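Next come the structures, one after another.
First chain A sits with chain B, and in the next complex the same chain sits with chain C.
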Partner chain A sequence: MTTAPADPIIKQDRVPPSEPPAPAAKRSTVARRLIPFGYLSPTIVLIALLMIVPIVMVISYSFRDNVIVQENSVFAGLANYTEVLTDPDFLAAIKNTGIFITVSMVAHLLLGLGFAMMLNSPLLGNVTKSLFRVVYVLPWLFTIAVIAVIWRLLLDPSGVVNYVLNALGLIDQGVDWLGSPSTALWVVTFANIWSGYPFFMISLLAGLQGIPGELYEAASVDGASPWRKFVHVTLPQLRPVIISMAVLDLIWTSQQFALIWMMTGGGPLNSTEMLSTFTYKLAFSEYEFATASASAVIVLLLTMILAFFYVRQQRER
Partner chain B sequence: MATVMPDKAAPGMTPRTRRILMKTALFLGLALGAIFAGAPVLWMLSTSFKSNGEVFENPPKLITENFSLDAYTAILTNGAQLRFFLNSYIVAIAVTVLTLLVALLAAYAFSRFTFPFSKTINAVIVSVQAVPPITLVIPYFGLVVGLGLYNTYPGLILTHMVFTLPYAIIMLTAYFNTLPKELDESVKVDGGSSWTALWRILVPISVPGMIAVGVYTFMISWNEYLFALSLTRTDDMRTVPIGIQLLMGQHSYEWNQMMAMSILGSIPVLILFLVFQRRFIGGLTSGAVKA
Partner chain C sequence: MAARSTRLRRFTAIAAAVGLTAVMGACGGGSDEASSDGTVTLEFAQWWAPELPSGSFDKIINDFQTANPTIKVKLLSAPYASTKQQLVTGAASKTLPDVVGLDGAWVNDFAKQGAIADMSKLMTDAGYDASQLASQVQVEGKTYMVPVVNFVYPLFVNQDLLTKAGVSKVPSTRTEFADAAKKISATGGNVKGWALPLDTAVPNGIQNDVMSWLWASGGSMLADGKPALQTPQVKSVVEYVKSLNDAGVIAPGSLTMKEQDKVEKFTTGQVGMVVDSLAHINLVKKNNPDLKFTVAPIPAEDGYTGKRGIPYASWGIGVANSSEHKAEAFKLVQFLMDAKANAELATLANGFPGNKTAKPDFTDSDPLFKQAFDIYSEGTPANEFVGLPKSEDLMRSFDEQLQLVLTGKGSVDDALAKSQENWSSVIE
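On to the complex of A and B.
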C-alpha cells in the first residue's frame, strides 16, 4: 500500500522519447512540480483521515443528538454544550485537571532540574554518572498501565507505603490513599510526577551540557557564589528549554487518561475526575456520544490555547 | 541544588573540607533520588517473586521464603496472556514499519524539494501532535466501526499512526537536512530519478536515524492505552497494557502475577532503551526542544 505512489513518480520523472520536444519539456516541468506531492501523498491521505476528518466529525457530533448509536441524528444546536458546561462533574473535572497539571508540571521541573544538576556535577565520574542516569530514567520506561499497578500495590491500605510511614511514626493506622476523596487526587498526582520527571531531567541535562563553560569562568572571575552562578548563568541559559518543556508538559499531562482510569477511575466521589475521564465515561460508559463530543471539543479548544503559547514561544527563540 | 547549599553556608572553610562536604551532600542527594526513582521498581520486582499470600506480609520483606518464578510461569503458560503479547508485537511492529515507510517519503519531500504549501503542510503535521487523543477517540470509534475495522489489527495500527507519524516525519526531515544534497544530486546527474536517489543513497546512510525513530515509534505503539481500550472489544484483540488491567479486574488479588505481567510487558521497551540509549536520548531531546 505504501509503495503504491512509487510508480507514478517514476513515470512522471521520465520524459517519453517519442514526444515532440516542446510539449514534453512543458509536461516535464509540471510533472516535476508534482513529484514532492507524490512523496507526500501517503502522509496527506493519512493526516486527512486521522486528523482532519475526525475533527470535523467530532465538531459536527457536538451540535447533534443521537450520534453513532442511532441511525438518524438530529440537529441539537448548543444543547450539548449547555449540558456539559452546567454539569457539576465537568466543573469538578476542570478544577481537578487544573490542579493535576499545575502541580505535576512544577514538580517535574524542580525534580528534573535537581536531578539534572546532580548528574551534571563535575565531582561525578563517568561510570557513576551513567549508572545513576539509568536509575533516574527508570520510571519513564514503564508504560502507564504498569505505573498504575505499581502505585496501587504500594499505596494499598496494607501496602509498603503505609508500613514505612507507620514505622516512621507519621501515621498510626493504614491510610486508604486511593479510596478516600481527600487524598486520592494527591496520590494520583504523585504517581504522575514519579513517572514524568525523567523527560524533564533528560532535556535539562542536555541543556546544562550546552551551556558554554566560559560563562561560569567569567562569573568565577567576578567572584560570584555558586548560588549567584545558578541564578544568573544557569537559569537564564536554560530558560528557553524550561519554558518549552513546561508548556509541552501541561499539554501532555492534560491528556493523561490511562493513569487515572486505572488508579481510581475518576473516583472516589469524582475527586480525581479529569476532563479525559469525564469525556471517556460519557462516550464509552454512558454512550452519550453527542454530549461527549461537546466535552471533547472543549478539551480540544483548551489544548489549542496551550499549543498557541508553545508555538509563539518557539517562534521567539 | 544539593551541591549549592553547603558551599554557600560555609564561607570560612578550607577548600578541602568544602570539597568533602560538597561531595557528601551530592552523594546523599543522589542516593535519595535513587531511592525515589528505584524503590517502587525494586518492589515490583520483589513482589513478582513472592507467593500471593506474602505480598502484604507484615513486616514487608524484599525476598521471602517462598521466592519463586511461579508468577512468571503462570503468565507464560496462559494462552490468553500470551495472546496479549502477540497482539502487542503484531501492532507495534506493523506501526513501526508503516510509519518509517510513510515518514521516509514525506521527509524526503520536505528536505529535498521546494514546493507550494510546504510550510502549511508541515505546520499541520506538527500540530497533529497537540490534538488530544480523547478528542480523537470519539470520531475514531465512529470511523473504525463505519469502515468495519472495529476490534481488528488494522483499526489499531492505523489509529496509532496519528501519534507516531508526525514525530517520525519531523525527526527524519531533520536527519535528511544534515546530509549534503550533493550526495543525491550525483545520482540525478547520472540520469537517475529522485526515487533512485532516495533508495540508493539516502536510505542506506540514514539507517542510524531510522533506528532511533523506529525505536520511539515501537515504544509509543507498545504503550498506547486509550485507543486499544476503546477500539477493541474481545480479549483476543487486547494488547499488553489492557491485558494488565484485565488481570487486575479478573483476579483482583493476584498481585504477584500482575507484577510479573508488568515486568514481562516492559521488557521489550527496556531492552530497546538500554541498547539504543545514547542515540535515542539525543534524538528525543533535539526533537522535543527544536521541533
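On to the complex of A and C.
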C-alpha cells in the first residue's frame, strides 16, 4: 500500500493553522467575502425598502390603535385582530374569497388542460392550431380594467347576454346578473375564469409538449385506451406543473382586487365582498388603518400557508 | 487579465453604488424648495388639469407665476381617484404637497389628522376679505377648504321620452315625477323612468341621487351637526324611493350601477330622467347629439314652497399644514379665487364660480348652462356630506341599508335605525 505524495505546490501555499493570518491577508479575505454583498447591495436595499419595511410596518400597525390618522397611537394588543375576526363582513369575505379562488382555480385547470390538449392534438393542422392558439389566448391579453368594463356591458340587464338568452327562449325577461346577490358572485368568478385560463393553457401546453412520445407508444403497445393514456401517462407527467400552477393560481386569485372593485365593488349586499375589498374599504373609506392592517396580516398569513405548500412542492421536485 | 478583471469589478461596484444612490435619491426629496435667489417652488396636487381642456390650467398657473415672479408652481396632476389615494397617503405621512385640491368629503378627516392648515388664520394673516367667497368648508369653526368651482346636480329630463309618454310638463313635485316615471316606463322596450346608481365602490349615489330629494324639499339629515335620520322627512325620501322601485320605474341593475352607467343610460335614451352633474352636459351631447333634453330643479314634496336645495360637488382647495411656504401657498389660493381667474376657471370647467362676484361667461356655452345657473341662483347649494368625517363610509353604510329595503330584506324603519346607529358611531 502506497500513499500518494502531497502536491508540493499546494503544500507551499498552505498556512499552518496555528499561525494567525497576517493583517493584510485577513483584510483581503474579508474584502473578498464582502464583494458579493456589495454587488447585491442595491437589490438588498430595495427589497428591504420596498418589501421588508412595509411588511414590518403593517404588522406593527396591526397591534396599535389609531395609527396614521393620529400622531400618538397606542398599543392595542390583539384588539384589532379580535375586531376583524368577529366582524360578520370579514367572515362573509373569507367565505366569498374561498368560493371565488377555489372555483376559479378548478375551472382554470379544467379549461386550460382541455384547450391545451386540443392544441397539442395531432388531429388538428398547424394552421388551425395557430388560429385557435391566438383566439384562446386573447382574454389573457386584456387588462383587468378592460375585462371589467366588457363584462359589465355584456351583463347589463339590457346587454348582449340577456338579449341572446332571450332570443334563445332561455329567459323571459332581463336578468340582473351583477345586481342580484344570488348571481353576482358567480358572475365575477366567471369573469375571472375567462380572464385567467389562458395562462394555465400555455403552461400546460408546454408541459404536454415535453412528454416523450415513447411513453404513449409504449402505452399503445400495451393496448391502453386514450382515457388510460390520459390517466396513466399524461396526468402523472403533468403533475408537477398542475400542482405548481394550482397553488400559484390560488395565491394570485386571492389577491384579486381590481376586477371585483370595478365590477361590483363588493356588492350587492356584500355578496361579492372579498378579503381584498374588505381591507381596502377599512383603509381608504373608513380610515381604520390599524384594523385594515390586522386584516392584511391575516390575509398574509393565509397566503403564506399556500406559499408554504408551493415551496414544499418545489423542493420535492 | 487579472488587473483588467479587478478594474471591471471596481467599475461594476462603483456603478452599483451610483445606481443605488440614484435610487435612494429618487425615494427622497421634499416638496418645499426655496432657491438661493428667493424663488419658492410650490407643489400643487389636483385632478382638475386632466378634466379641463388641454393646457388651459397651465395657462392660468402661468398667469399666476407672471403676477408672482418669486413663486413657481409645480402641478401634480392625476385623475380624481389617484389624487385621493395620493393625498390620503400624503396626509398620513405628513408629506402633502403645499397646495392640495380637495373634495369636501375628505376635509374633516384631513383636518383632524392635522394634515391641512387652518385657512381662517391664513386669511387673517393675508388680510383677505372672505365675504366674496360663496362658501367655505369648516371643521369646528375653522375653514380648511375653499370651494373654487361648484358643480351642481339638477334633474336631467329627456324631452322626447316625456312627450312620447304624454307628459306635457317637466315634473316639479314628487307626485308629478312618479307619474311621469310610470308613464315613461309604460312606453315599452327597455325604457325606464329613472336611474338610481347604488354601487358601493363609489357610493356617491346616496348623496346625489337619494339625499338630493331631501335637500330639494328643505330637509336635513343632520340636527345640530349630529345624525338625524329617523325623521319624517328622511323617512319620506326612503319610502318614496322604495315606492318608485316597487312601481318598477327604476332602471334594473341599480344595486351595482355606477354614475357612468347612469349617464350612459340617459344618453342612449334608456332612462327618461336622472339627477346628474351639469359637467356631463357636453358629454351627453357629444355622445348623442340628437338627444333633446333639458335641466330642471329636483322635484320637491307636494306643497313645498321654500328654497330648493340643489346638490353640488366642488373642486376645493386647501394648504398643507406641513408646507414651509403657507403664505405663498395662500397667494395661489387668493389668485384662483380672484373674480377674474375664478370666472375663467369656472367657464372652462363648465361649473359655477366659488367667488360670488365672479361672472362665468356663458357666451360660448350650451344654453342649458345658463338655465342651470338660474336654477342654482334661485335655490340653495346643499350637500350635507361636505365636512362630515368618513363621509364616503357614511354613504356606504346608508347605501347598504337602502339596498336591503329595495330588495325586500329590511323595512324602512329598520334601515333608518341601523343607519342612525352607524352614523352616530362616526359623527360624535
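In the analysis below, the second predicted complex is superposed on the first by the 288 of 317 C-alpha atoms of A that agree within 3 Å, B and C clash if a C-alpha of one lies under 4 Å from a C-alpha of the other, contacts with A are read in each partner's own complex, and residues count from 1 in each chain.
In the analysis below, contacts are C-beta pairs under 8 Å (C-beta built on N, C-alpha and C of every residue); 3 or more make two chains touch, one makes a residue touch a chain.
Computed from a prediction, not measured in an experiment: that's the story for all the values here.
Trainee: Look at where chain B and chain C land on chain A after superposing the complexes, then choose clash or fit.
Mentor: They clash: once the shared chain is superposed, the two partners overlap in space.
Trainee: Just chain B (first), just chain C (second), both, or neither: which does A:I202 touch?
Mentor: After superposing on A, A:I202 lies in contact with chain B but is clear of chain C.
Trainee: Is A:D156 touching anything from chain B or chain C once the two structures are fitted on A? First, second, both or neither.
Mentor: A:D156: touches chain B and chain C.
Trainee: Using the touch criterion from the header, give the chain among chain B and chain C with more contacted residues in chain A.
Mentor: The partner that reaches more residues of chain A in the superposed model: B.
Trainee: Which holds for A:F37: it touches chain B only (first), chain C only (second), both, or neither?
Mentor: first
Trainee: Which listed stretch of chain C (60-68, 78-86 or 222-230) steric-clashes with chain B in the superposition?
Mentor: Between chain C and chain B, the clashing stretch is 78-86.
Trainee: List the residues of chain A that touch chain B in one complex and chain C in the other.
Mentor: Overlap of chain B and chain C footprints on chain A: residues 35, 39, 42, 46, 49, 68, 152, 156, 158, 261-262, 284, 289.
Trainee: In the complex formed with chain C, which residues of chain A make contact?
Mentor: 35, 38-39, 41-42, 45-46, 49, 68-71, 152, 156-158, 174, 176, 178-181, 184, 261-270, 281, 284-287, 289
Trainee: What part of chain B is in contact with chain A in the complex they form?
Mentor: Result: residues 1-4, 7-8, 19, 22-23, 26, 29-30, 33-34, 36-38, 40-41, 43-44, 47, 55-56, 58-60, 98, 101-103, 105-106, 108-109, 113, 115, 118, 121, 124-125, 127-128, 130-143, 145, 158-159, 161-162, 165, 169, 193-195, 222-223, 225-226, 230, 240-242, 244-245, 248, 255, 258-259, 262, 265-266, 269-270, 273-274, 277, 281-282, 284-285, 288-289 of chain B touch chain A.
Trainee: What does chain A use to touch chain B in their complex?
Mentor: Answer in residue numbers: 2-3, 5-6, 9-10, 13-14, 33, 35-37, 39-40, 42-44, 46-47, 49-51, 53-55, 57-58, 61, 67-68, 113-115, 117-118, 121, 123-124, 132, 134-139, 141-146, 149-154, 156, 158-160, 163, 194, 198-199, 202-203, 206-207, 225-227, 230, 240-241, 244-245, 248, 251, 254-255, 257-258, 261-262, 275-276, 279-280, 283-284, 289, 292-293, 296-297, 299-300, 303-304, 306-307, 310.
Trainee: For a test of understanding, state which residues of chain C touch chain A in their complex under the given definition.
Mentor: The touching residues are 9, 12-13, 16-17, 19-20, 23-24, 27, 84-85, 88, 92, 109, 112-114, 190, 198-202, 251-257, 261, 270, 390, 392-393, 396, 400, 403-404, 407, 409.
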